[in-house]
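Listed below are the structures to be examined.
Two complexes come next, and they have one chain in common, chain A, joined by chain B in the first and chain C in the second.
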Partner chain A sequence: MEKFETAVDVLKNNLADAIVELKVPRPRKAYILLKSERHRDAVSLLLKHVEESMLSTISGVDLGTEIELNYHMVCGGTVTLKNRVPREKPVTKTITDILPGANLYEREVFDLLGVVFEGHPNLERLLLPDGWPKGNYPLRRDWTPPLIQENDSGSEEDSQNNSEEDDVGSLVSVVVGPQHPVLHEPERFNFTVDGETVVDVKPRLGYVHRGIEKAAERMMYFQDVFLVERICGICNAAHTTVFCQAVEDIGNIETPPRALYLRTIVHELNRVHSHLLLLGVGGHLLGFEALFQHVWRDREPVMDIIEQITGNRLMSGFNTIGGVRRDINPNTVEKALKTVKAVRKRAVFYKNVFEEDATLRLRTEGVGVLSKEVALKLCVVGPVLRGSGVASDVRKDDPYAAYAEIPFNVPCYDECDTWARLMVRVDEVVESLNILDYAFNNLPGGRLRVRVQRKIPEGEAVSRVEAPRGELIHYVKSDGTAYPYRVKVRAPTLANLLAFPDAIRGGYIADIPSVMGSLDPCFSCTDRMAFVDTANGQKWRWSLDDVNSHKNRRVLL
Partner chain B sequence: MTKKRRRLPALIKDMGSCLFKKPFTQEYPFVSVQAPEGYRGRQTFDPEKCISCGLCERDCPAKAIELVEVSGKRMPYFYLDRCIFCYQCAEGCPRNAIQLSTNFEMSTTEKDELLVKAEEFISKQNISSDEGQ
Partner chain C sequence: MAIDLIFFVRTLVFPGFLFLLVLVLFFDWFERKVAARFQNRMGPSYAGPFGILQPIADYIKLFSKEDITPKQTNKFLFVVAPILAFSLFVFALFYIPIDGSNVILDSSFEGDLLLVLLLVTLANFGIFLSGWASLNPYSGIGATRILTQFLGYDIPLILLAIGPAFLAKSLSIVSIASSQVTVPFILLIPWSCVLFILVLQAELEKDPFDIPHAETEIVGGYETEYSGRKLAFIKLSEDFQFLIGASLVTVLFLGGFHGPVFIGPAEFWYVFWFIVKTLGVVFILEYVGNVSARLRIDQVVHGNWKLLIPLSILSLALTILVEPLLRSVIG
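What follows is the complex of A and B.
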């Protein structure tokens, strides 16, 4: 709270001449329209004066004659800095030199809206495929799918053989994926290795890009809830919660307290099963199959409870704008409380396993180190950030749903390695179960939902939640109709992906799965938009320049 | 962490105890499984209650419902291959003509079988009146 006020004051005092409009419609949410090209000053001011401030994402909105770039800065709350560029000549200055974490977000905007960021170290496509026709920017309002023609799909071939800097001396290039690297999702990683040591890595995104942001503009708000739910199966409750919050913010809809508690319950159940899944997979990646089997067995009762409460094991379909869709009956509460107790016992046991098992510690301690400074510079989120010694959690910093009333701790480890990131999750399972215990026992009565008009008044809102993988942010803009004008999603994995090369560099090939796994990547979240890059031989990937710029920055830090 | 004396891995005891338990997995489909109450399975439709308002068709996020003229009345066809089982149709129906069921067994080798026609419910409900028409 305090941090947020400092941030707004700093901007007011030092940048008065550049601020065109300043709005603080809700606590911890500020929207500041800046004069053209003053965003760099604002970002550096916030970084300088507000401790642990980071960039959540950049969302571009096509306003017709201008493209608005919203820099969502996290400083206690969210300060949205708006910079407008003309649509005819969309050029602006990069902020990657001030904040390297903006790298992927600027590329995303470049790819989907065609805004050129001057001074960006490697402004290439990020999501769209390698065959996307030039001059097609899917997130511009006047773009429709028929504008693209059939493309040759052969270009993917040559992008796999990026030979320039490979095979130089003792360096060998190893391609991992796109079939199931680490988790069962498609993504390709091109590792450059020297013997057993990883020298470099270039991820390629976009294999499961479904164009959800564009699709959301063509569906009504209440239908979009089901659409955003399908961005990611595991954190579906987080996506619906954050989207509903954003729309409720725009429409000034008061959600009843019982609905807020029920949302919290499903959200936390999601977190418990997601973390248990990852901890099991962690065991699997390290070759500890017994741990994998046991953790997954204990995850099953949690899934059963979710099924009972929401009506489905995974796709909960529970949240809606203005509340939740179904009530919870007392029998289920009783059963859930028993399950919570049983799972907590197991979680405490697994903490013991992770702490004491000698092999497990040897494989994870000191592996994939991501220092606090680098983590902050690259704007990583969630358990990765907390594993690097920054106790940042949206549930504490910017409470939503019922979290303001529920006591809980934020686990944080200073080891900065794979082990720390796994331990954060073990501890969070226990914390989540405590939250569930409290929420079930203190469930307020009253209505489940309020009636909401299909048309949502004009406005905009940023909403954040702590998804199992970290901070999840949605930006929704409404033009007063029943259809959103723009929905922007930034899933936690996109934020954490930038940290992967830093974490793995210098490690062994055998550590690749465990380090990647400890970031808990979820590529379907990351790829919700589309990418292409084609015949001209332009491929999106982290080029050597890009990586070098990172290396250099690392030295500077 | 200080070097501790080597001891047995903590999970050993747990693994041992599993030797004497029956498998955790269920023997589906040899043993039938009951979905819990409130599970969102295949919809059921009551043609008597339907007033052909078309809300289900308009609201369906997956565009899985189509209103078709059936025995003089426009009634929904459900394309289960597109259905996402969100139950927006059941929630929006002003006469509760669409109800949930916990039937989750829908696997088939024929895609056509996934089209649920309103006629099916008519014949099930009242065979004689159907014949009369």
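What follows is the complex of A and C.
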């Protein structure tokens, strides 16, 4: 909290001439409108004066005549720096030279809103397919899908067939993905290898884009809760919590304490099963099948508890704007407490395994090193950041739901390698189980939710939660109707992806799975935008009805 | 004529090809079941009692599937290599005395231990060639990994196999087995046996040495491009290799087919004891495989040249040193 006040003071004192408007509507949330092109000064000031400050994301909003770029800086809370560029000639200066972690976010804005960042090292497509027609910026307000023509192809040069031409001397291109056993979701990584050593890697995103940010603008707020839930199955509770928080923030809605506790419970159950899943997958990636199977079996009781509480094994459908949708009964609490105890015993055992198994340590120690400085520069989040020695956790730094009242520790390791990143997750499982224990035992009474009107007053809000994979941020802007003006989602995997080439360069092919696994990538979170199949160049679009239809909903998951 | 009939029955039915095939499928099932139980799973359960027919079902499926030969590959090698590897493994298994003598009667000779090891090495070249002929980056990497790993671990394997041969004063597998009638060599030179099993783990590409087909790194490794019948031959080769590896431990350290003979023909008990001992070896191999993660190729190579080769030389030296003391108990 102190950090946040320093940040605002620093900007007030040193940049008074550039600030047009400064609002601090809530504790630890500031919105600062800057004069055009002054964002670079503000960002470098924050980086200089506030320790461990990072960029969460850049969200672009089409305001009609201008495009507003919101730089969400993390410094204790969130300081949102606003820089407006004219829509006719959307050009601004890059901040990648000050903060390399802005790389992907600037590319995303360039891709989806057509803002050109001068001085960016490689301003290329990020999410949209290579064949996407030029001049089509889906997130501009006046863009509608019918603009896209069949066979209106741009450049297809970066398609999958370029690997052979790149082979020079002993360098061989090994393409991992879109379909590969190491990836459980389709993405493509083009590795250049020399013998068994990885020389370079080029990631390509966008294979599971579903247009959720655009679709969210066309649905009402309460419908959007279910839409954002489907961004990602595993961290669905994180997505709904963060979205509901943002909307409640705009509408000044007070959520009842019981609802806050129930949200915390589902959120933490989510974290436990997500981490157990990753630890199991980690075992599988390292060829430790027995560990994989055992961890996954221990994950099942957690899934059962989620099902008991929310009615669904995976998609909880639990949170809503103003509270939660289901109550929890004492029987379930009793059962859940027993499960928590049993799973904690197993988690302690697994911690032992990860600490003591010789082959596991041989494979993970000193592999995929990401130093603290690099991690901060690249703005990585979550367990990856904590594995690099930065004890940053949104639950502690910027408490939401019931976390301000619940005691817990933030595990943090200084080894900066794959092992540290896995250990952070093992420890977090235990911490989460402790949180659950406390929350179940101290569940306050009272209402489940408050009634909320469909129309949300004009305003904007940034909301952050600590999803299992790291900081998850939603930015919601409302224009006073029942439909949001803009919903921006930045999932943790996008933040961590930039670190992957740095961590793997110089490693072995055999390290690829373990390093990739330790970042815990979730690409369905990362990709949200377009419906284009690059393999056959076929393009299509979905109307709201298509999204709602049962068949496609399965695809959406 | 009568001799010819015995020859054909022995090579084709018992204990030759057909019996070996059934045995290999049984071992495949046992291996899968044991691995599954280690991993808290059921394993094969539906085909036949306890799923014992599952391997047969799998091979029938593979043999009846579409067989694709990719355009870019070296077609001749691509087709021949799996069959070559398979035949060499079967041939090598013919020299393991399962019912008291080799499959081809009286074909045991001084030095057939070396022949078996040679055949296994050649067969692995066949597997290497199958990956190399695929012209796929994953297969290529898998194939080079086989060479790096297999050729390296062949040296300690042969060094360690010499230990029992030295105690038995013979390089014939049958005589080595016969000299363990009173005390199996595992009790006399346990250090050799432990190292042998560890090296065997690498030879059989089991965890922590299953690097050539590390699926999360290089998909299918050398077998990525294979399908249908040719894949079946590769899989069968792997199963045969597994049986050869386990039987080598049995004959070199556990006394082979020797064991108490109760009522009935002695051959029956020979086969019985051989299978029981080999199953025990498979269990140990699976145990080691299931409590370890996969190592990296550089770690495996270092482990071989810096650790296992010096250790196997030491173990051989130790065997030579203690040999006079053990003379009295060797049969």
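As a convention for this text, the second predicted complex is superposed on the first by the 516 of 557 C-alpha atoms of A that agree within 3 Å, B and C clash if a C-alpha of one lies under 4 Å from a C-alpha of the other, contacts with A are read in each partner's own complex, and residues count from 1 in each chain.
What we mean here is this: a residue touches a chain if its C-beta (ideal position, glycine included) is under 8 Å from a C-beta of that chain, and two chains touch if they have at least 3 such contacts.
For clarity, every value in this text was computed on a predicted model and none was experimentally measured.
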Just chain B (first), just chain C (second), both, or neither: which does A:L448 touch? neither
Report for A:D357: first if it touches chain B alone, second if chain C alone, otherwise both or neither. both
Of the two partner chains, chain B (first) and chain C (second), which one does A:I512 touch, if any: first, second, both, or neither? second
Looking at the overlay, does A:A290 come into contact with chain B only (first), chain C only (second), both, or neither? both
Contacts for A:L45 in the overlay, against chain B (first) and chain C (second): which applies, first, second, both or neither? neither
Tell me which partner A:R325 touches in the superposition: chain B (first), chain C (second), both or neither. first
Which parts of chain A are in contact with chain B and also with chain C? 290-291, 294, 297, 357-359
Of chain A, residues touching chain C in the complex: 172-175, 180-182, 193, 196, 283-294, 297, 357-360, 362-363, 508-513
Could you please specify the touching residues of chain C with respect to chain A in the complex? 35, 38-41, 137-138, 140-141, 207-208, 210-211, 214-219, 290-299
Flag every residue of chain A that touches chain B in the complex, lowest number first. 219, 222-224, 226-227, 230, 290-291, 294, 297, 300, 304, 307-308, 311-312, 315, 317, 325-326, 349, 352-353, 356-359, 361
State the interface residues of chain B toward chain A in the complex, per the touch definition above. 1, 4, 6-7, 9-11, 14-15, 24, 35-40, 59, 61-62, 84-88, 91, 100
